[in-house]
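Two complexes follow with subunit A in common, the first pairing it with subunit B and the second with subunit C.
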Partner chain A sequence: MNTAGIVMRLAWRNLWRNYRRTIIMLMAISIGAWAMIFMIAMLRGMVGDMIRDGINALPGVVQVHHPDYRDDPSVENLITMPSGEIESVFKEAQIQYFSPRVRVPAIVTSERASRGVTLVGVDPAKESLIQAVGSNIGEGRNLESVDDSGVVIGHRLANKLETSVGKRIVLMSQDRNNEVVDRGYRVIGLFTAKLPAQEEMFVFSGRTVVQKMLGIGDAVSEVAVSGPDYKLVEPLVQEVRQIFNGSEEVLSWQELDEYLSAMMGIIDGFVFVWIVVIFLALSFGLVNTLVMAIFERVREIGLMLALGMRPASILSQIIVESVFLLLIGLAIGNVLAYVTMLMLPAGIDISDLADGMELMGASDVLHPTINVKDIIIVNTFVLFLGVLASLSPAWKASRYEPVEAITKV
Partner chain B sequence: MTAIRCINVCKTYHQGRDEIKALDHVDLAIDEGAFVCVSAPSGGGKTTLLNAIGGLDMPDSGEVWIGDTRIDQLNKGELAELRLRHIGFVFQAYNLIPVLTARENVEFVMEVRGVPSVERQKKSREILQEVGLEDLEGRRPAEMSGGQQQRVAVARAIVTDPSLVLADEPTANLDSKTSEGLMDLFAKLNKDHGTTFVISTHDRRVMAHARRLVKMLDGCIVEDIRQKGT
Partner chain C sequence: MNLSFTFIAILFGTSVCADNLDLDATSIVRNVLNHWRGLSSHGEMTMVIHRPDWERTMSIEFWSKGEKLSLVRVISPRKDRGNGTLIEDKNMWTFSPKVNRIIKVPSSMMAQSWMGSDLSNKDISRTDDIVYEYQHSLLGRRDVDGFTIYQIQLIPNEDAAVVWGRLVLEIRDDNVLLEQRYYDQDDQLVQSLRTIEVREMAGRSVAAHQRMVKEQTPDEWTEIIFDSMEFDLDLDDRVFTRSNLRNPRQ
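Up next, the complex of A and B:
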């Protein structure tokens, strides 16, 4: 029996019968959908920033180390492949963003104070490609080449050491024979970083200068590799693993930073709870609306049944009406969310809040991020559960006794 | 051939402590192509009888046959199918779907049956013309008078050319001229198509059209009169 046409027509007309109620319900659904999408975008933006900043602390969504380096980050655990060879094999593999570094613990001493830091010997041209922490120079200049003998330190470190651009500092570390080596450097620039800890932690200089100081020839302690999207990290890991063929440890940022990847998992859970809470509020409204609508239509539903329409057609009429309501509401909600995103500046300044959030690794500018997958999940979820919630009132309507409905005067 | 047979049909309603015998041992046989009027004062059991015959309500005891089908033993789905395919209904209290126009209401049963739209349109236009509502086909029930609504209901009942039409006080809301016209239409369909009509009424003019008049009182058939054809 082909009743689809009449079922759709009845559902559509009934939807607009009490248009005020319908519009209120539409508003509820669209605001609900908007809130879901928008909040998720904010959360995603926050986590995205956290991860990006975290990775950018010493960038590289993938990092290569000697297998023992992470336990003991000293000059004893260097990558066996010299940096010259690393450059040529990476070029051959057409990996664009990579940077071989020397990275060792060191002590920095000024005329006034001394502190423990991480000395990083870099190739500034490569670091700027992957936008390392030290590349945001607030004062002075950046390193210019791989054999630049100046150092770039963070603003905060400069304050602690009571030093400034142009002054000299001494860096001390150990060579391969556990002998202390040191060298004087001139401070050429101060960098700013999103996280204060980073400003106090890192000291950058030209790679060959640091290599010479440590007496390690052309060896490096880490290769940072970056890709276009931090989420698509697996293929890159595979590629880099192939290059080193098992001799070094190749890890993605998730493995390097378990805190960040745990955050990702928590956010997914958070998003889900958020959707469920909003939906629960919505579904009460939806079910209530349907129950009222059905109650008002007892007689005509009875009439349709009396004339020989199948209960299944009554059921689908109510479901289709609910689907129309949900679809229109969702469409408006999606458009609203999209427009809100367009209207927002590229980043929201939350610096008032950010001081408190910094501990979590959040930065002070939030970039809401709409994710197609989230939108699909929100819409399917609302539609699916909305239909599920409509089943009970629809079922009740289809069970009416026609004769009672018809003879009621 | 017998179109309808009721054997010892009883239906009792309970209202608080009171028992209301709406149908009290009713025996009735109606031939195919008959034109029967059931008349009774209000509360006499007309609607209950028509609902039992139409498969809308189950009697407490007894048998109801339509043709050679015993319908008081059918399940809900089979009853719905029977109503949809074979019976045209005009109900006493409530007849039209408010969100559909006059023409859509007339076409409702055809549409549920799956009649193609071209054929539906042709038939519904013809029948609306016959009941004098061709100008109101786009109106919704709320925009029509009680009499006009009643005529739409009648149009829907007969548009599918059913073998049986059950009309419960179809002229209750009509002026005498319109109700005369309606009865003429019923009589014509009865004569041309052999459609069986069972009409309940307490309108004397309607009774005058019937070839057979069944009088009821308190759920019992008290008189069964065969009249000369009109």
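Up next, the complex of A and C:
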């Protein structure tokens, strides 16, 4: 039998000599691994929701505006290219998901109340915004065409205005000469949004109707372009930039919502810190276990050295022992984490905390998301640091003086 | 509506006078507005804002010309003296000598109250809405004290910038608006403008004392009392300019 085989076998048997201690250590490692994976999954789930909602609220992973629009989102800063032309150039570039829309601040008035809102003139056939913001039309119907003169408003806004489907409301805004423009609209549908603030913020109507009210002809305030994956937007940004040739501002969602993209970066850092913190606690237990195991076996190790076993084999024996311990612990931890996920298919209901979470832009159901990358990071990290931590006791064991070790009481 | 009304009237031989046959609901409303405003007008009025625990009285001088232009300026109380409002079509500017600034009333403030009264900026600046933004129909007529009073219903056009479900006007046949009731879209009465006193001024009968009350707060109201009034003067367009709003010259 070769040395490696003997080392492996010795390590495995040593592991189960004091099985109570090993099991306690295994529990510590597996709970540690479980906690790391599960907490990271929760964090990822929360941020994922925030980003998805955030992008949906924008929405469109790439947006085109007049260069001054973001500083002053008024009717003065419109995209110079008329919407008919926008449609043809986008079709030419074979970008499928785009929607030109008019978006202006407005005042909505009912018989009893008035509130500031964002009036969005959309093309319902192209529009993802209504579906995204208002996850569903709770009452009434959705807009049907660009020249649909009805409005879809949020449930909460309807309550505040004391209006309902079928009634008329008045929307007031300003035209390019700062003159008051207003028009009556009939409420045709009420939407519900994940984030209550959105229910009070958006009022949707047909695009051409809004254009006509504002007297802006064929112009639009933004073009939202969506891609298949929100993480891969750079190529799309380049493509859209080429279409507009520098005359308009083309930005990806990371640039539009820096809070969101900063969140992404923070969360990656946070995951790392979290792993390190848990591991630090874990490593004390691990080192302690190994030190004890060696301390118990000083005479035995001395004997092995005296019989001619090389210090390197002693070293690897101890390290292999800790690798076994770590591997089993991690395996159990991973399975535990996976099972926990399976038990929470619908996400975690945190609606009790919804008001607080809403401030952060998170919704009231948390969907933990396991990321393969995170699992790999957790496991390799724990394994690597675990081996590193066991190096010192192992090194100490391999450096015993045989005679001294054998005679040690 | 007018046609069918006429038709029914003829059919049943009611007391529709011959000279009223061509008077349809829309022109009754328009006549009221023209009568009340004339080609131009100028006068002084008192506005009383009443609340359960306080009351405030202001004297106001006003000018109007045509359908689009009007100017009002506060005379007293002293601390509000010089506060003015200029209305040009749908647009509105206010001036306050204390800050020495002309401020254009933005669309966001159109629904807010005018000088703390029960009238909104929109009520003040959009008086001719009742002619252009509604479909008019005659609900009925009755004879009181030798006058005929028409009851006219106003239903807003589909795209009208009007929140009401309907308005009901009571108009006396000498073109005086006796009452204007505002109903919401559930047909609940929300507020009403009632004429308390009709007086002869400058050769016209004028709704000289009016009161605006919101139904939900019956102990809060705003009254407007016309103290003097002259019609069809020769007013220069210069009166209705922003510089005149700031520096009174007329």
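Here, the second predicted complex is superposed on the first by the 392 of 409 C-alpha atoms of A that agree within 3 Å, B and C clash if a C-alpha of one lies under 4 Å from a C-alpha of the other, contacts with A are read in each partner's own complex, and residues count from 1 in each chain.
Just so it is clear, contacts are C-beta pairs under 8 Å (C-beta built on N, C-alpha and C of every residue); 3 or more make two chains touch, one makes a residue touch a chain.
Note that the coordinates shown come from a computational prediction; the quantities given were computed from them, not determined experimentally.
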{"item": "Subunit A as common anchor, with subunit B and subunit C clashing or fitting", "value": "fit"}
{"item": "Contacts of A:277 with subunit B and subunit C, given as first, second, both or neither", "value": "neither"}
{"item": "Touching partner for A:125 - first (subunit B), second (subunit C), both, neither", "value": "neither"}
{"item": "Partner chain in contact with A:174 - subunit B first, subunit C second, else both or neither", "value": "second"}
{"item": "Partner chain(s) touched by A:266 [first = subunit B, second = subunit C, both, neither]", "value": "neither"}
{"item": "First (subunit B), second (subunit C), both or neither touched by A:197", "value": "neither"}
{"item": "First (subunit B), second (subunit C), both or neither touched by A:305", "value": "first"}
{"item": "Which of subunit B and subunit C A:111 touches, first, second, both or neither", "value": "second"}
{"item": "Least C-alpha distance (whole Å) that remains between subunit C and subunit B when both complexes are overlaid", "value": "86"}
{"item": "Residue ranges of subunit A in contact with subunit B within the complex", "value": "1-3, 5-6, 9-10, 13-14, 17, 299-300, 302-311, 313, 402-403, 405-409"}
{"item": "Residues on subunit A engaged by subunit C in the complex (per definition of touch)", "value": "106-107, 109-112, 114, 116, 149, 163, 167-170, 172-174, 178-186"}
{"item": "In the complex with subunit A, residue positions of subunit C that touch it", "value": "90-91, 104, 106-108, 110-111, 156-165, 182, 184-185, 190"}
{"item": "Subunit B residues touching subunit A - in the complex, by the definition given at the top", "value": "47, 51, 56-57, 76-77, 80-85, 89, 91-100, 104, 108-109, 111-114"}
